[in-house]
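What follows are several structures.
Each of the next two complexes has chain A plus one other chain: chain B in the first, chain C in the second.
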Partner chain A sequence: MKVKQSLKHELIKLLKKTRAWLGPILVFILIMVAYPLTVELTNQSLADAFFPVLFISCLMVMMLATEGIFLEDYEDGSLEHLLITGGSIYQSVFIKILVHWCFIGVPVSIFGALFNIGVGNTVNSSILLLPSLLVSTYIFLILFCFGNSLSLTKGSVLGTLITMPLLLPMLVILGKLTTAIMFNINYFGFLILLFGILSIIMFIFPAIISKIIKTHLE
Partner chain B sequence: MQNSLLIKADNLSYKINESKLFSGISFALNNNEALHIIGSNGSGKSTLIRILGGISEPSKGNIIKKEDLTISYLGHKNALKSYLSVRDNLDLLDLMDNKQIDNLLAEFDLTNKLDVTLGNLSFGQQKKIALLRIFINEADLILLDEPFVGLDIEMCEILSDHLNKKVEEGSGLIFTSHIASGIRANNFNLD
Partner chain C sequence: MLREILIIVIKKFIHQFASPKTYFYQVNRIYPWLLYISLAIYLTAIVWGLFFTPKDFVQGNSYRIIYFHVPASFIAQSLYAAMAISSLVYLVWKVKLAAYLSRSIAPVGATITFIALVSGSIWGIPTWGTWWEWDARITSTLILFIMYLGLISLHNSFNNFDKADKLFAYLSIIGFVQIPIIKKSVDWWSSLHQPASITLTEKPAIDAVMLYPLFMAIIGFSGLIACLVILSSKVQIYKREKTKNWIKNYV
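Let's turn to the complex of A and B:
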């Protein structure tokens, strides 16, 4: 199957399944709106404590977005059909993750940067925050997809547990990045590190995931 | 068209937990030929189809395939999306732009169902949609696992006619079925 066809297929599937992409975005907005309303802090503390809340919210929303991401195609026989008819599962996985990121990761990152201004942080910090949010949401998506593929027929809890150790280093880097944005030191170093991680895993993990899916199909 | 080898199974065996499902399976299929795999429940018909399709590996034996063999496949599952309309499903299968699609939809009595959500159609109607890809796609080999399940007698006859035509046009066909079909095929018994 050509890349264009594969992209069209994933777009049709996700567009018509509104709850799959709108649900996580609405959950994210709900957390962002609830944060200043429910946390009793002074304005400055609210702004300072926002970054960790934002990154953890992104993590949770990406977990929500990937729940059952491969299960539907597995259960209705689409993956089996793709494999027998000579299609590429690697390509399908890569495009599925990319489309999910475009529909969920990108809006969440943009909303995240806007809410950052809303809680009292500077526009400049939001400009710095946006690329790190875009990259980290993609990384979260890939890692959760990996967990989901491992626990394809066993439910998402097992997948999340498997993914957690991989996510912790990411959260540590994002914590350091937060400090870098706040104090305006070495921000680009951390951003390049995030891009480096993404550029490796965005090509390697779909290959690993496709191997895992093939094993499930056997 | 000159007969050429599409697929050859050579002494295939398959074990599940050290229990033999089948062994010593050998056959060859050329184009313009059809093979009807018969056998009792649990004899390994579906497993054999999956092995021929390249999903499962045999415990022993080899499969030789024609270079660049193209396969059209329909298994137990239809590989359709129940939350999409028939039109969207056909779009996913890249069939909406095909010239034959209107005639086939009329023949299968599905023309007025294009905007209906697939999940609201009967099992047989969903199967008809899934079969459209077999009739339209040009493939060297057609692999079908129980294609007659869920179809009424009239549709079974239509399916047999279409598959006979496909074989006459040059495709090879391997299918499993419990019922005697109208497809002109050699029988291969797994029992």
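Let's turn to the complex of A and C:
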């Protein structure tokens, strides 16, 4: 399949299921709305603890977004069909992740930056936050796709269990980034580090995922 | 000519040793030697360390748990590396024995990591005044523990051993990125845990009186863990090869 055709294919598949792309975004908004309700203190403490909540909820939403991401294709045989007709699973996986990021990762990042203003942080910090959120949601998506491809037929709990340990170094970097944004020191260093991680795993992980899917199809 | 013969001999040796049957019999032969020698070394190190080394200037007697904690945490990481390497061997050369080995290392590794965590927190009470701290080294070791458990649960959730072995191998190789992070966590982040006292490149920061028993403890402990891995791999071979004739004859 050509890239354009594959892209169209994945787009139609995702957009047909409104629940699959709108659901995670709505869950994210609900978490963000629920957060101020749980804090009864002043506005300042709301703003202080916002970044950790934001990152963890991004993580959880990406987990929801990738739930059963390959399962439907596996069960209706389109993955097997792709393999038999000599199509590239690598390309299919890469485009699938990209499409999911465009329809879930990007809106979630934008809403996250908006809610950051909502809890009383400065607009400047939101502008700094947005690119790091865009990159980190992509990284989360790729890694959760990896976990879900491993536990393809066994549900996403197992997939999450084996992916979370791999994601924790990412959360450490995001934690460092929070301090960098707040005091505006060394921010670009961390952003470039995130870009570096993304540029490595963006191309390597689809290859690994396609190998794993081939193992499942044997 | 000579080179070709040598290559043939080496290949034959590797192929022979890679068959579970030969491995089983060879391992049975060396197992008692390994067990008793490493037990002797470890006990000597413990007696030496506990009774014949001086008190630490700052920590007093409580530092003596080093003869247990350091070998355990060292081996917890090394076992993961061993598991990843044998997974790589399985994926590249399709050696079945490597898959059995990597699967049998996982539960041993989980146990040792747990021991390292517990002994570390026991050491933390008199020294740092807290038994747990959300600190780089401790948290990353906890992650390693969860990683081991995740690997085991991944393998157990598939009935098809071939598929389970392959998926296990992929995950353990990807999970290897954690090991340098754990290793370097004390240098990269400001941490309560001290940096490594013994490194390959620099002079050890620990006094020779305490260093020699520590080295002996590490060697002895590694031997004991190797015995555990051998036992665990024998269980795996029993499980996987139970339909083969030689196993029936052996039993």
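Here is the rule we go by: the second predicted complex is superposed on the first by the 218 of 218 C-alpha atoms of A that agree within 3 Å, B and C clash if a C-alpha of one lies under 4 Å from a C-alpha of the other, contacts with A are read in each partner's own complex, and residues count from 1 in each chain.
Going forward, contacts are C-beta pairs under 8 Å (C-beta built on N, C-alpha and C of every residue); 3 or more make two chains touch, one makes a residue touch a chain.
This structure is a prediction, so every number in the text was calculated from the model and none was measured.
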item	value
Partner chain in contact with A:I84 - chain B first, chain C second, else both or neither	first
Touched partner set for A:E218, first chain B, second chain C, both or neither	both
Touching partner for A:T38 - first (chain B), second (chain C), both, neither	neither
First, second, both or neither for A:I12, with chain B first and chain C second	first
First, second, both or neither for A:I162, with chain B first and chain C second	second
On chain A, the residue positions that both chain B and chain C contact, one per complex	218
Touch list for chain A against partner chain C, complex	146, 150-151, 154, 158, 161-162, 164-166, 168-169, 172, 208, 211-212, 215-216, 218
Chain A to chain B touching residues, read off their complex	5, 9, 12-13, 16-17, 72, 75-78, 80-81, 83-86, 217-218
Of chain B, residues touching chain A in the complex	50, 53-57, 70-84, 88, 91-92, 94, 139, 143
Of chain C, residues touching chain A in the complex	136, 139-140, 143-144, 146-147, 149-151, 153-154, 157-158, 162-163, 166-167, 170-171, 174-175, 177-178, 181, 189
